[in-house]
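The same subunit A turns up in both complexes below, where it pairs with subunit B and then with subunit C.
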Partner chain A sequence: MLAKFVLRRALAAIPVVVGVTVITFVLMHSTAGAYVPGLSLNPNLTAAQVSLLRSQLGLDQPLWIQYLDWTGVAWLMQHAGLGGLLVGAHDITPGMLEGSFGQSMVDGTAVSSQVFDRLPNTILLTVTAILIGIVLSIPLGVIAATRRGTRTDHVLTGVSVAGVAVPQFWLGLLLILLFSVQLHAWGLPFLPSGGVMTPFTGGDMIDRLAHLLMPATVLSFVYLAIWSRFTRSSMVEVLSQDYVRTARAKGMGDRRVRYVHALRNAIIPLVTLVGLELPGLVSGALVVEVVFSWPGIGLLAYQRALAYDYTMVLGIVTFASILVVAGNLIADLMYAVLDPRIRLA
Partner chain B sequence: MSNSDSERQFDRFLAEWSRRDFLRGMGGALAFSAFLAGGVEFLEACGGNSAQSSTQNAVKGGHIVEGVISDIGNVNPIFINDTASSTIGYLAYARLITVDAYTANLLPEMATAVPKVEADQVTYKVTLKDGIKWSDGQPITADDVVFTFQLMYDPQYKAVTSRFRSQLEAHLESVTAPDQKTVIFKTKGPYAPFIISFLGIGILPKHVWSTLAPAAINSSPMNQVPTVVSGAMIPVKWDKGTQYEMKRNDLFFKGKTHLDSYFFKVVADAVQVANQLKTGEIDVGSPDLGQWDSLASVQNIDRLSYVAPSFDYYIHNLDPAKTPKAAIFGDVQVRRALLTALDRKAVAAKVYFGLAAPADSSVSGAQWVHTTPKTQYPFSISKAEQMLDAAGWVKGSDGVRAKNGVRMEWELRTNTGNKVRETLITVLADQWKQIGANVTTNPVQFPQLVTQLSQTREFEMILIGISEGLDPDTTQLWSSKSIGGGALNGAGYKNSKVDDLLDQAVVTLDREKRKGLYQQLQEILMEDLPAPLVTYPKSVWGISKRVKNWGVGPWNGASPRPWFNTVYVTDVK
Partner chain C sequence: MIGQGTVEELQLAGAELAGMVGRPAQSYWSESVERLRANHIGMAAGYLILFLAVVAVMAPLASQFVTHYDPTKQDLYSQFLGPGRQHWLGADETGRDTFTRLVWGARVSLGVGFLTVAMQIVVGGGVGLLAGFFGGWIDNLLMRIVDMVLAIPAIFLFILMSILFTPNTLTLSMIIASVGWGGVARLVRGETLSVRGRDFMLATRSLGASNLRLMLRHLLPNVLPVMIVAASLGVGAIILAEAALDFLGFGIHPPTASWGNMLSNAQTYFAHSIWLVIFPGIMIFVTVLAANLFGNAVRDAFDPRLR
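Up next is the complex of A and B:
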């Protein structure tokens, strides 16, 4: 039963990934087209030289062949004796079948090697931000709920609104100006403005934490804002429940009522909410990574997009979409395991 | 509104629109163009610090961190395709000849002297210096040079995807090594750019690379972290997207560096380069133009700027088959009037934050062939109006001029993502409005713009920038052979005199004669104005005061850096 369910969901995921890659491929192709960084607009190359180099990169082939070549389908077709269908094709490669998510058009490096090198940085940043978000948002939400209508509540509401409204890049730049540039200018100890570590001396725990502090704080700000509001409203609701009143009536201490009985029920929906952020672990930190030069996947995608390295961007998007689809699949399976009613859905 | 009020408003307008990553906006490819063909490349991020030159009290030890806005790709000289990689690649690999930062004079590196062409006009003899060694102690020989060129052009290495292949196939007849110290190059015919184009390519160690199959050369990890090198620094480690670490090469034949190590740190954009210069997280780097003023007050930083070998220019489409607007631009009086109506001084001061010089010719001032042509078009609105009146372009009731039913209006495009240029096109449109031209502006994606300029040629007017190569050959920009098909004469400009001069200059090996030909060319282009230059943008550097002898200049930006072994840090950290 479960096996059948798994199989069905896994099969359903395939068209999603194919769809994402087709759309990305067409989009990237229509923006970058046959443009090759370093070749186009070069006053020293003749037209013949440029077209030869384009041909070497396969950019003179029809779009659908380029797509099939990139996926590796063309290679399979050729080896299955169907090469005749590929009119206009040449230099067919195994493409994605090599398992490297393609090669950069600019420097020829494998997408997978670039992505896997940066993945730990991105995960470190997003996990830290989520932890900060959880650790701070729950107590803040509880405080706001128990002091509903007081000045504290209003201040916390203001902070939440700011958290959602303030753009991350702006907050990031502001923090850099204050904690890096100004503190340094005043001759005080300052926080590094970017990167994961100091190039020559760095790399120890303290140095890495110092580099992590600002980007993780900025990234956690949104989580903090949303989750604390969520905790607050959930807590307000729970606190008005009968069992809370009963507990109080039986003479249980206020703290115990709040933190043991009420909170436990109030944060169950929050768990779902945090779970929703998990796919963002790999993809969600682009803006913060760019502002703080954090060498993660977001910064990689950003830099390669600006360089019109469209094969690299395509590989990154495919990789991320597979992770997201896989993440959703796992979530579905978890629900199915936890709640038999979902299994048929 | 008073003058100063409107000026302040203009400043605010620019402050809003121009503060961003200018260098990146230039387009990496654009700035990089010369590399592919030139070998001794000019690149966007250049600098120069000759004022500090002093080796008297140079101290040994310490390190430098350079901040850059993009990571390396492939640092193997036969593949290098971007600025960052060329910096690393040419600290690692020495070449036969190199170039002076400011004069663009060629200097010998592994060669004993810059070779001269023999009497037959096609033979060049290069003699290697004595005692030069690879970092593993093996001698550098003529075989290494021959092998490197074979990788790039010999049919047996066709699988090696060197981007020099098509050029070398077109111009190089043979490379041979009669003995261990001598290399003989023969070209297919007289070819003036030969030395500059090909002898500045880094040489690879044969004993390391010849063990690989041709196809394996393309994907070797040594393309990112080479193990055996000949340059000032030896690669140690590449942390993708983070930094590249190099250490001193004790066997460097020009004398070992004062520095123990060098770090190449990736920073997301040029604004952050400025921030990290301020905090001392990086020692050298090219900051955002919008941050230039704020760097002046930072005590630990020296600023450096100079006119780079590049220009921004606008291209009229002169081809009536491509656009009806050719009826406007086809009139040379109109082209002259348009340039006269441009206040290029103000543009350089305001749009470029003062970090550009007004253009006065068809090549930048950094080029050794540059001259200031006799014909100039000093800014004058009234003069421009007179020229248009005289040419029969009459102002209509709405203030827009017209002639024979053709209204003087067109669309001006540039690439998105370069705020300086996006600002510039609105400023140009505004200035031309004052003389009765109705110009709309349209920033488009860089690849599309390039396609429109060099392939389809469906545009009315385009503003774009060109980075010049070390060799002054501009066939690709002005020859009638270079219209469409990926070449850059987007204007569709045809002048047989210009074609002749270009053809002649490429086969004229005498430097002074060649210079004379290019100077005639500049005079003609200034008369005809098919695509007038607006400005020569400057390159900017922030350099920590603890760093001495950082000798960057117009021709020594990212690379080559023949002065690198003289760089030292005063605090030995």
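Up next is the complex of A and C:
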């Protein structure tokens, strides 16, 4: 049953991935079709040199051939003896099949090598933020639920409503202003305002943690706001259940009822909510990465988009989208394992 | 929940019953509006949004009669002038008045917020209705397209498209709505599926109603509450996304003032001119907060699934 479910979901993901590559490819090439980088900077290029450049970048081929070449289908066709169908094609590469996602128009580096250089940084940032979110939001939610209707509850609810409305980049700027600029100005120990570690001298554990602290806090703020509210309402519901009253009636301590019986059931739905963040693991941090110059995937995409490096942006977007589809798939499977009812649906 | 076409009959029946039940019959809509009005925080937030919208529309008048500055007029004598009598909320690196620019920035934020919501409700609602009503391959096709659009991380898609189009209020709204319609479509489709199977739909169809009439006169009024809720909950998130795009430099470009690009600009100078960072951020925060509070109030009042 489970194997069938997995297979069905995986098959359903394939057309989505294909559609995504078509959408991003068409979007990108509607802008980049006639584009050769560096051209506007260099008035000495002759027409012959421009066409040579375009040929080297593969831009002189028909759009559909460029797409097939990029995805690796053209390479497959050539090896299956169907190369004759590819009219006007040249320099066919295995493309995505060897995981390359193309190469940069600006400096010729492979998208995949750039992405894999940055990926650990992004994962470190988002996973830390999610952990901070979980660790803080559950106790806050429990406190609000057990003191329902009191001032503490109202304050916590207010904070979480406000937390969703704070722009991340503004919060980031304010933190930099306070913890980097002002503390530095006052001669106190301060936090670094950007990067993943201090160049040359840094790189030890403390230095890395100091760099991670602010961006991870900013990123965790939204999680904290949403999850603590969710834990609260889930906890309120569970606390009114019969088995909680039974536990109390048989004389169990308040603490034990709350944390052993109620909380365990209250946080099951939270698993779903955290699972929803799985697809955003790579792209969700873009704004925070830019504010804190955190060298992750988001910052890479941002910088390359500003430099009009179309192929690089295209590769990153495709890579991130495939991760989203994979993330959704994993989340689906997690629920199917956790909750047998889903498998049958 | 009651379809509009049948409201009158049911109200007649309700009027006869009223004496017995002790509570006058009330349509779904008037009851929802009443609930909304009883929510004081939500209503206050709604009035704040309304006020900001009026200010945004009146921006030219405001800069002429209230602040007496032009949003793009440079004045090098008041470079980095702090908040005070001359410039209420200070001036930026070219001496432009922050308060005036904030008023004009409201046009961008609220304009994009409302336009985007309108677009994604129309497109997403339409697609959701079609998919849910017809089912079969139409449903399959439309929903797979939604899957694809939602699989591409939104922020990347926004960046891709803002390279493609020159961003202004209209194109920026289209860019954000081009992702946002997907969620609305899923929601409306789900609601349509649950309404489609009800007896009144079968009854109306057996009376000879056409597909178009079924959809517009009988299905639409029943899924409208879900659409209203989605719309009012969406505005806050859209304003945030728009501000983030402006901040990144992929949205409204200077010299046109927007809260996001004012913040982006302030990054360079915020160590000595903190007001340049504080005020635009507060405007975004307060507006999004008000939009969310009002959205929550609308959801609590209108969402049929919460009853």
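Here, the second predicted complex is superposed on the first by the 308 of 345 C-alpha atoms of A that agree within 3 Å, B and C clash if a C-alpha of one lies under 4 Å from a C-alpha of the other, contacts with A are read in each partner's own complex, and residues count from 1 in each chain.
Note that in this section a residue touches a chain if its C-beta (ideal position, glycine included) is under 8 Å from a C-beta of that chain, and two chains touch if they have at least 3 such contacts.
Just so we're clear, the structure is a prediction, and the values are computed from it rather than from any experiment.
**Student:** Quick one: is A:Leu306 in contact with subunit B, with subunit C, with both, or with neither? Answer first, second, both or neither.
**Tutor:** In the superposition, A:Leu306 contacts both subunit B and subunit C.
**Student:** Subunit A residues in contact: does subunit B have more, or subunit C?
**Tutor:** B
**Student:** Using the touch definition from the top, say if A:Val20 reaches subunit B (first), subunit C (second), both or neither.
**Tutor:** second
**Student:** One more residue to check, A:Val181. First (subunit B), second (subunit C), both or neither?
**Tutor:** It touches subunit B and subunit C both.
**Student:** For A:Leu52, is the partner it touches subunit B (first), subunit C (second), both, or none of the two (neither)?
**Tutor:** The first partner, subunit B, only.
**Student:** Classify the contacts of A:Val290 with the two partner chains as first (subunit B alone), second (subunit C alone), both, or neither.
**Tutor:** Both subunit B and subunit C are touched by A:Val290.
**Student:** Classify the contacts of A:Ala320 with the two partner chains as first (subunit B alone), second (subunit C alone), both, or neither.
**Tutor:** second
**Student:** After superposition on the shared chain, which partner residues are touched by A:Thr109: those of subunit B (first), subunit C (second), both, or neither?
**Tutor:** After superposition on chain A, A:Thr109 lies in contact with subunit B alone.
**Student:** Which partner chains sit in contact with A:Gly194 here, subunit B, subunit C, both or neither? Use first/second/both/neither.
**Tutor:** first
**Student:** Using the superposition on chain A as set up above, list the residues of subunit A that contact both subunit B and subunit C.
**Tutor:** 31, 173, 177, 181, 290, 302, 306, 308
**Student:** State the interface residues of subunit A toward subunit B in the complex, per the touch definition above.
**Tutor:** Interface residues on the subunit A side: 31-53, 56, 104, 106-109, 113-114, 117-118, 121, 173, 176-177, 180-181, 184-185, 190, 192-200, 289-293, 295-296, 299-300, 302-303, 306-308.
**Student:** Could you pull out which subunit B residues touch subunit A in their complex?
**Tutor:** Checking each residue of subunit B against subunit A gives 24, 27-30, 32-38, 63, 65, 70-74, 79, 81-82, 85, 161, 163, 166-167, 170, 197, 218-219, 223-224, 239-243, 245, 261, 263, 265-269, 271-272, 275-276, 278-281, 298, 417, 445-448, 450-451, 453-454, 464, 466, 468-469, 471, 473-474, 476-477, 482, 484-488.
**Student:** What residues on subunit A touch subunit C, complex-wise?
**Tutor:** Of all residues in subunit A, those touching subunit C are 15-17, 19-20, 23-24, 27-28, 30-31, 161-162, 164-170, 173-174, 177, 181, 280, 282-284, 286-287, 290, 298, 301-302, 305-306, 308, 313, 316-317, 320-321, 324-325, 328.
**Student:** Please give the residue numbers of subunit C that touch subunit A in the complex, ascending.
**Tutor:** Residue list for subunit C touching subunit A: 144-145, 147-149, 151-157, 159-161, 163-164, 236, 240, 243-244, 247-250, 263, 266-267, 270-271, 274, 277, 280-281, 284-285, 288-289, 292-293.
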